[in-house]
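All chains are identified by letter, namely A, B, C and D, in their written order; residue positions are counted from 1 within each chain.
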Amino acid sequence: MNQTARLLITCSDKPGIVASVTSFLYSHGANITALDQHSTDAEGGAFFMRLEFTTPHLNVSRAALEQSFQDVVAGRFSMTWRIAYAADLKSVAVLVSGHDHCLLELLWRHSRGELPCEIALVVSNHPALRDQVERFDTRFVHLPVTPQTKDQAEEALLETLGDRIDLLVLARYMQILSPRVVSRFSDRIINIHHSFLPAFAGADPYRQAHERGVKIVGATAHYVTEQLDAGPIIGQDIARVSHRQSVEDLKEIGRDLERQVLARAVRAHLEDRIIITGNKTVVF
Amino acid sequence: MNQTARLLITCSDKPGIVASVTSFLYSHGANITALDQHSTDAEGGAFFMRLEFTTPHLNVSRAALEQSFQDVVAGRFSMTWRIAYAADLKSVAVLVSGHDHCLLELLWRHSRGELPCEIALVVSNHPALRDQVERFDTRFVHLPVTPQTKDQAEEALLETLGDRIDLLVLARYMQILSPRVVSRFSDRIINIHHSFLPAFAGADPYRQAHERGVKIVGATAHYVTEQLDAGPIIGQDIARVSHRQSVEDLKEIGRDLERQVLARAVRAHLEDRIIITGNKTVVF
Amino acid sequence: MNQTARLLITCSDKPGIVASVTSFLYSHGANITALDQHSTDAEGGAFFMRLEFTTPHLNVSRAALEQSFQDVVAGRFSMTWRIAYAADLKSVAVLVSGHDHCLLELLWRHSRGELPCEIALVVSNHPALRDQVERFDTRFVHLPVTPQTKDQAEEALLETLGDRIDLLVLARYMQILSPRVVSRFSDRIINIHHSFLPAFAGADPYRQAHERGVKIVGATAHYVTEQLDAGPIIGQDIARVSHRQSVEDLKEIGRDLERQVLARAVRAHLEDRIIITGNKTVVF
Amino acid sequence: MNQTARLLITCSDKPGIVASVTSFLYSHGANITALDQHSTDAEGGAFFMRLEFTTPHLNVSRAALEQSFQDVVAGRFSMTWRIAYAADLKSVAVLVSGHDHCLLELLWRHSRGELPCEIALVVSNHPALRDQVERFDTRFVHLPVTPQTKDQAEEALLETLGDRIDLLVLARYMQILSPRVVSRFSDRIINIHHSFLPAFAGADPYRQAHERGVKIVGATAHYVTEQLDAGPIIGQDIARVSHRQSVEDLKEIGRDLERQVLARAVRAHLEDRIIITGNKTVVF
């Protein structure tokens, strides 16, 4: 794992891309272990690619590899690209309010080694979850938010997060982040919404679902943008319900969905499987 | 099957309902073979019940049974109720435009004995499906509709349907029915909408879904009301998709969903399993 | 909840059962809040019934109600029956070996109020999970088992369990219980098997599944009988897999299945929703 | 579509394969439109690859391209490989007994353009389905089989099939093919088994499932080998059931599964998405 790197590429599709990229990696001693590509149209559409390669036999430094890739391949095809190294564990901050189920699922999976990251801290606007978080030897910060103190609270949040956070996970965080925070962590905030988006955006989606009488409820993990519940969708899952379920029942059923959907989305991000394109995602 | 009857009840919940209903049926020689009930709240909520019973040992006529039930039980509990007899096959008209998949699924299942009804006729605003329908020995009527002739076309439709149709099934019928038709067949028109309602109501839902980048698509069978795509939902199903699917792919995947969801909803209606309550359904 | 009781009935089907049972309950002031029934054949088949009723207006004691039910109703129809009172929380013992995921799911759900029981203790043949269990304020007992000490270990187990345990949950317990333990807790031991039974019974089912090249893996919760992995099935669930998953991947995917399937089965048992009939279950 | 080709490769994994293959195709004017690969172990495991490429700009003939690929790439890596051209529609024979649902699903999907093949003929040991087949303008051959005439019937079958059939689809064909037929169409016979294999192999799987009391039933499409129901699995799907379903109900639910699973498997074969490896499949 520690010698694995991932190359993510977006560009216009034209002949020769795959040959150029794979030949480049081969010539530098990188051994490709996984390769996914997607093209919206072979003649001039958008092209997306994810390669996983191992680096033990690399014949150059990381910096030299990246510089050379830009010069030899990426420039020629006008690629947007990045290489992520599995050894550089991403640093994650989890934001949470009163509901503990998504948070605990993340902490539990992390403790089992299922989430390749460092959970740097958990921030909550409620103090109640401190004990549960600290049991996992994870730092807990209580930052109260009131309508009057929203601005200062966000200031404190940004300060607490500092410069080293790679990913913000909103694990049922009930505060709306200001554009300032969203733009600071652009494409790096994952939220779990407790409905099958775009149905039932906004508040109290299980109540909305119950009132509409749907026969299936869902949960959606998505990147946060300035438009509420409208960012690029990463993953969704559903459960069947019937007239028998009350709003409370839907919430309980939904908890299991939310836990799974959020954990899978966070993992896909941590494994560099996601490319954002416009308001959508490619998840390899 | 021919000696099966179904009793559907809606009333306010209070003690003694089940005992009264089942004792009444027992005393008249009806043998209960299935019983479902649902209460939104045991103390004064809404109460729903479906009983299936066999009638070979009935000691009274249908008319006497029903009159007696009203006098002895239903009046006391202020019930809304009806009895349906399986031997009285419902008469169904299917409305369709250019897409044949839902129509053929219904015809095929009917021919296998999976849909207990008589398919009286198929009406289409296109002539193309005549041959396929007539192969099933089913009457096909072509009623063209243009923006200019919409009123006359509806007139002709109502005349063609006549007085004997119990259920209208919109098997991808692309015309919006006027309030006049909807109210004439109130609670007796089933539509298949090719999205997971309430997401993507209206036109071209697969294109909408593709543009939003959802990871799951769906289909919804619902009763038609005067508000477009907003009537009581009967059933829904979904399929997982990814960035790889084009709009055309979604349509193809959707066809399989639509076929199944519509066929199941029609069958539930034909077996008298559905009680409409407000804008929702109880499906026993 | 505390005033809820459940009546479970098995007998031969014949006319009048539902009327008799519901009239009896009504006459004693019990308000039926849920009713499910199932008949394998209306003319002489097996009949199963579950009623949930509230007892605040009961006009007799529990003992008198039960005696009267036997005298007035159950005797007449030769019923096997029992009444369970939700206020009498069942006492559960969880047996576990090295894998913690099923155990933690049960403890977590119990702490959230999703499992109506008392978890009296956790017994493990490994010491490793003591800390995790005690964090939930739950008693942990380490009972080592070796091939040489199996008999004494079972003796110690029976002694530790004592007389007050209503349900034994094998949450990935890797020891085979002797017939002596199984018969002592007959119909009251739930096991989670990590395959879609009856496929891949026995050891290492994920390896078996990988070798067979299945495209779906599963998990099965069942009651334990003397025949290994062959007892009545309570619930099953599945996940799709492909050639891409290694045995280790299957184990990880399977963990999520096992957690959910076991938790749901235990809950169904605790809510008195299960009637065992031969080697099958009716789960209402 | 007509200018699409697919290259399928199996070899030992070692560095440079992807670069060599894609560079070769690029240098001959082939434009790669899809690429999937799978490696069981990057250091010496088995390597599988499927490329889809368009040929309008090919600068050599098919024969020259293939000869050159063998000389320049395949030989070097000891590859097993083949190129399939979408324009060369595969010729399919469907074998069926009394159940029509799988057959009709295939004919219907073929008529909609969802199955890229020519359905050369349908062979049945019963005469009943002739009309339904001929409605699709498809040749129907009735070849009766009795225990006494099994050998001659197989002789007649092989003669009827002739030399031009690429794929045999057993759409609920209730006769066991002899090793002679199986080896003649090695890796080119797809069967639908009406259970979730390896559970309930052999006869009457829905009855077996009902007796075991499973809570999920399934269907499995697989390649036929000389061992009954034990060949490489292509695809599987499931449906949830409960104590309420009789054996007849399971058969009806199963029909919908079988139709879908078989159609998807046949399509994957026709699109050259399947590589058989030992007793498993890689389905790209």
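Assume contacts are C-beta pairs under 8 Å (C-beta built on N, C-alpha and C of every residue); 3 or more make two chains touch, one makes a residue touch a chain.
All figures in this text were calculated on a predicted structure; none of them were measured in a lab.
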{"item": "Shortest walk length in steps over touching chains, chain A through to chain D", "value": "1"}
{"item": "Chain of greatest Cα-centre distance to chain B", "value": "A"}
{"item": "Rounded Å distance, chain A centre to chain B centre (Cα mean)", "value": "42"}
{"item": "Separation of mean Cα positions, chain C and chain B [Å, integer]", "value": "37"}
{"item": "Complex contact set, residues of chain A against chain D", "value": "15-16, 18-19, 22-23, 25-26, 29, 31-37, 39, 42, 54, 57"}
{"item": "Interface residues, chain C side, partner chain D - complex", "value": "38, 48, 196-200, 212-216, 218, 232-238, 242-244, 279-283"}
{"item": "Residues of chain D defined as touching chain B within the complex", "value": "101, 104, 108, 112, 114, 135, 252, 256, 260"}
